[in-house]
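Here come two complexes built around chain A, the first alongside chain B, the second alongside chain C.
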Partner chain A sequence: MSARVSSSGVAFGRRTAAAVLASPVLTLLVFFAGPLIYLTWVSFTRADIVGDGSFTFDNYAEVLGEPIYRSIFLDTIVITVTAMLILFLVAFPIASFLAFRAGKWEIPMLLALVLTDELNPLIRLYAWQIVMNKEGVLNRFLEAIGLIDEPLTILFTKTAVVVVLATGSLAFVVIPIYAALKTVNRSLIEAARDLGAGWVAILREVLLPLAATGFIAAIIIVFVPMLSDFASPAVVGGREGYMIASLIEEEFNARGDWGVGSALSFVVLAISAVMVWMSIKISKVGRLQA
Partner chain B sequence: MSTVGERDRAEAGGARVPATPALELDRVTKRFDDVVAVDDVSLAVDRGEFFSLLGPSGCGKTTTLRMLAGFEEPTEGRLLLDGVDATQIPPFKRPTNLVFQNYALFPHMSVYRNVAFGPRRARLPKPEIDRRVREALHTVQMDALADRMPTQLSGGQQQRVGLARALVNDPLVLLLDEPLGALDLKLRKEMQIELKRIQREVGISFVYVTHDQEEAMTMSDRIAVMSHGRVEQLGTPREIYFHPTTRFVADFIGTANLLPATLVRSGERPQVRIGELVAEAGSIGSLPGREAVEGDPVSLMVRPETLRVVRERPEGIALPVVVGEVIFQGTGIRLDLRGPGEAPIVALVPADAADWRPGDRAHVQWDPDRAHVVVEPAS
Partner chain C sequence: MEHAATDGARARSARPVVRQVFWTIHRRELVTRVASAIMLAFGALILFGPFLLLAFLSFNDSQILAFGFRGFTTRFYEEALGDAAMRESLRNSLVVAGLTTPICVVLGTLGAFGIARFVFPGRGLVAGALTLPLVVPSLLVGVGALVTFSKVDVPLSLYTVAVMHIVVGFPLVMAIVTAALFRFDRSLEEAALDLGATRRELVWYVLLPYLVPALAAAAIFVFGWSFNSFTVTFFTVGSERMFTVWVFSKLRRGTNLPTVNAISTLVTFVTVVVVYIAYYLLRRSAVRSGQDVRSLVAGGPQQ
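Our next item is the complex of A and B:
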């Protein structure tokens, strides 16, 4: 009796689950998997303006072989990794302050941090353009305090893109690290102090290793969007701060070569996948230790 | 009072050798804002001594320990380690090490690396670190589990590692903050014996914080009973058990019958009046400045296990009682009795004693030598 009730309950649960899952699964299939499969197919065909749509490996050969593409890939990775490192350097002290020292300011400061990320990204980008312009606020300021005689070229360089990327995702890096540090029991820090560790040793031996999961979460959340960022290089990058997403856009829109554009997209996807896979692997090692 | 103390110390095994104490608190007070956590505490811990700070939560014992470790700075007073003023020395430079109640093992390090943390900070040569770590792990019988992670260990094993991690640094004083508090009763009892063995083996002074009076009695050479930030009494377990100086101590340590009485005669053989009876006691305890004189209200303390319960009125001094509850406890029978004026009296009698039932009339008698007068009156 009770078995029948529970088994019918399970059947009902399954049907409900199927109904609930149907719409997201369908949406993903139609709008996510569909285009992806289509692009996969396009990346293996001659699909430029004079292409006949026949099967080919040429697109991948071109993307992986041409020095110009390779140098743009390299630039993109250098810019992204540099921005990521700067983000970590800025985010870790903020996260530790929030986790251990902020006291009653902890929640207000977290909210303020989230708020900065609510700012429209385009407004932020154009604001940076104004700041980094030849006649911009930054150059005026540096001239005024006598650090430079002639305005520096900051806008439309790799540096400009790095600065914009490194300031754009602060909350997404601070919060996972803050959350990881928050789980570190205060008595661990006291134990380290008691056993003869100064602040440097506490940081190196206790806090950084225990915050590792936070760093990895931050990499997963922030690295992929930065790697494929399109707006920042377009607005402040110029020719020098050119990144892979701009190239893909150009292949599709300006040159009409869907084949190469698709192949480029898949290479970016592959790089992202490798990065995320590596992060997860490292985090698994970290969890085993924890 | 002092005569009693000396007698007990002699019983405990000879006079103590005068030497620089390992640790000394000199009139230490700690205030947090308006709250006085530790109030004018002075005490000294000898080399190789097992010293306990005992008291209920909020009595200031943990704050005292944290000042010894260097995590809190005294508001007033001085702390001396090996005769040297250490009040301003930060924790990582102090010759003290702490064992935490929640173990506080580094979760990302193996047992071995946890224990090696201190020696590595001290930049000892690698072979020396290895030798010390293995020795410390051997002392706490954890040699076999050196490569485990803390999460793979039971609570008792984790605390062994915590102990090894502190001992490996060969501290002048080892500080223990309710280290067995998170363990279940059976394991706690085993670990008490184990801790005492380890302490004897390594010969380091232990300062042990606990709220468990039985635990303090089992392990300590001396105990400081604390209440409201003050040391109520400092002495050997025997002194504190048989000759408490205050009502609080009598009540906190074990079970005590405190019979309201009036002091008849002070001194060597004190006498008190309980109702119509005049009873003699073995000793009288009081704090300096609180010496009682004839006629003062006091309490006569008799421990439950020193009471004899008989049906017929015996010769000599005895109180008439009525049996309330009869509770079988395995090792004996606990009788909850009502004395004159409904005063509750607890007696512990052998399990094979007479068959008592609630409502029985009886008389209690005690050995005057084991009765003790506490100057504060029973409330």
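Our next item is the complex of A and C:
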């Protein structure tokens, strides 16, 4: 890309570049970088009742030392990773259907997916609360087909949070994988088939590696926001489905302990960074691009 | 006579063979088809089922969660629309989204031009930095804004919400517009310059008309994002009312709230209509400028 830009005669001068980029960069610095830097400072100060204290590691010591916090971190990771794996399992077949076999249904299906993304997430959450209720549709249905005798407790469990997270962002997992698969040259698949590859081999050796960029994009735009989600645990998670974001919300609003709240926020940032890094490593995107 | 009999026998025994061959060739195809159909139906059910359930409940004349139909009513709609707090929250969310969208489109387009059409040292760094608001968890953006606004004594209001929506919204526009600019055939730009267009004319008469569908798509995405945003809104809204925060406050209390069913159904219905109209207009303007409407959504499946 950069070669094309620099070789072209259309490139504008540096002064114009500065003029064009000034307002977005300034907005970013003042309202994004500024608050994050100040939040970093808050996470290193004791700022409860006494007022702005001096530099301390207490918040991080507390956050990383207390076993209660650690079990909440672990629960959060288990819940979000499970949801993400389910999303991949559901999204990959849908994305490959969309990319290779949908035909005239391709655009209507894409439109439907985009639509689900535009629907209000809080309304969706509310609807799922009704679905998973003790007297809810799900229990009624399972009873009707004779699978269960008495209503299951689904609402206010980890499972409920996983269900809500996994159904909330399907569009954003399908679309990047679809976009990645769409660039796959069909003849590659045919070549693999002619060389005697079964569908498992085609999947493993051709489609999944080529769709890797789509998976990474999905992890960035879906998994990371899951870690920020405190509405879902609050509405369907109850005590059992309590997550790290719920904890942060509580520190900031109910307890007013901004130091610990900020430190916890940076733990969220660290977890997201590690997850994105790990997914890049696992999918070997670097090797593919090299 | 004997001949005909053997022929008939051969034909009879051949039919199952044909069927068998047919099956071995088509079984895989059939299995894939059935599997895809089941999978798609399941996907549609989990994506749209809950919203349809809300619509059903909103017209059902029953205060408690009941799945038997107790008669058709629109009274919950009347109650919902009569709720002043709800109306205010809806109005505020629309105003904030309406205010945020044009600013995001301008900032995002400037950013996209700066990254896609200029060569300067540190370009990669600036490009990366400008996508950070999309990558950093929104929780940090929200609480960061909360502590900072309180530090500099700016009271939380709809303005603080709008500012933070702009910060996260314009990189979204930028991503869409940058992708469109990279897809653009640059020889057309060179042709325009060769034919004597100034750079200003190049931007106005060549690039911007091409970008119209991408800008429109970006505007719709940002408007929707702002209206639906919860985390950032929650931390920066203070005591003002916004729609998502209003729904959330209702949810923490009860389970089946018929008026919430009604307003949710209304909002969902309007969303569906708006998305469809937007798609229709987008497709028309995309076709007119020779683009594929799919590329606006999926960031550009090539070919």
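We take it that the second predicted complex is superposed on the first by the 260 of 290 C-alpha atoms of A that agree within 3 Å, B and C clash if a C-alpha of one lies under 4 Å from a C-alpha of the other, contacts with A are read in each partner's own complex, and residues count from 1 in each chain.
Just so we're on the same page, contacts are C-beta pairs under 8 Å (C-beta built on N, C-alpha and C of every residue); 3 or more make two chains touch, one makes a residue touch a chain.
On a predicted model such as this, the values are computed, not experimentally measured, just so you know.
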| said: Should chain B and chain C be called a clash or a fit once both complexes are overlaid on chain A? | reply: fit
| request: Please name the chain, chain B or chain C, that touches the greater number of residues in chain A. | output: C
| query | Now for A:32: first (chain B), second (chain C), both, or neither, which partner does it touch? | reply | second
| request: Could you tell me if A:152 is touching chain B, chain C, both of them or neither one (first, second, both, neither)? | output: neither
| Angle, in degrees and to the nearest 10, that opens at chain A between the C-alpha centres of chain B and chain C | 70
| query | Once the shared chain is lined up, is A:20 touching chain B (first), chain C (second), both, or neither of them? | reply | second
| task | Return first, second, both or neither, reflecting whether A:77 touches chain B, chain C, both chains, or no partner chain. | result | neither
| First, second, both or neither for A:187, with chain B first and chain C second | first
| Minimum Cα separation, chain B versus chain C, post-superposition (Å)? | 6
| field | Touching both chain B and chain C, residues of chain A | value | none
| Residues on chain A engaged by chain B in the complex (per definition of touch) | 185, 187-188, 190-198, 201, 205-206, 209-210, 286, 288-290
| query | What residues of chain A sit close enough to touch chain C in their complex? | reply | 1-2, 4-6, 8-12, 14, 16-18, 20-21, 23-25, 27-28, 31-32, 34-36, 38-39, 42, 90, 93-94, 97, 99, 101, 106-107, 109-112, 114-131, 133, 135-137, 140, 167, 170, 175-176, 178-179, 182-183, 220-221, 224-225, 227-231, 234-235, 245, 248-249, 252, 258, 261-262, 265-266, 268-269, 272, 276
| task | Spell out the part of chain C that touches chain A in their complex, as residue ranges. | result | 32, 35-36, 39-40, 42-44, 46-51, 53-54, 57, 65, 67, 107-108, 110-111, 113-120, 126, 129-130, 132-141, 143-148, 151, 163-164, 166-167, 170, 174, 182, 186, 189-190, 193, 199, 202, 224, 227-228, 230-231, 234-235, 243-244, 247-248, 250-252, 255-256, 260, 264, 267-268, 271-272, 275-276, 279, 293-294, 297-303
| field | Of chain B, residues touching chain A in the complex | value | 69-71, 90-93, 96-98, 100, 102, 104-109, 117-118, 121-122, 149, 151, 165-166, 169
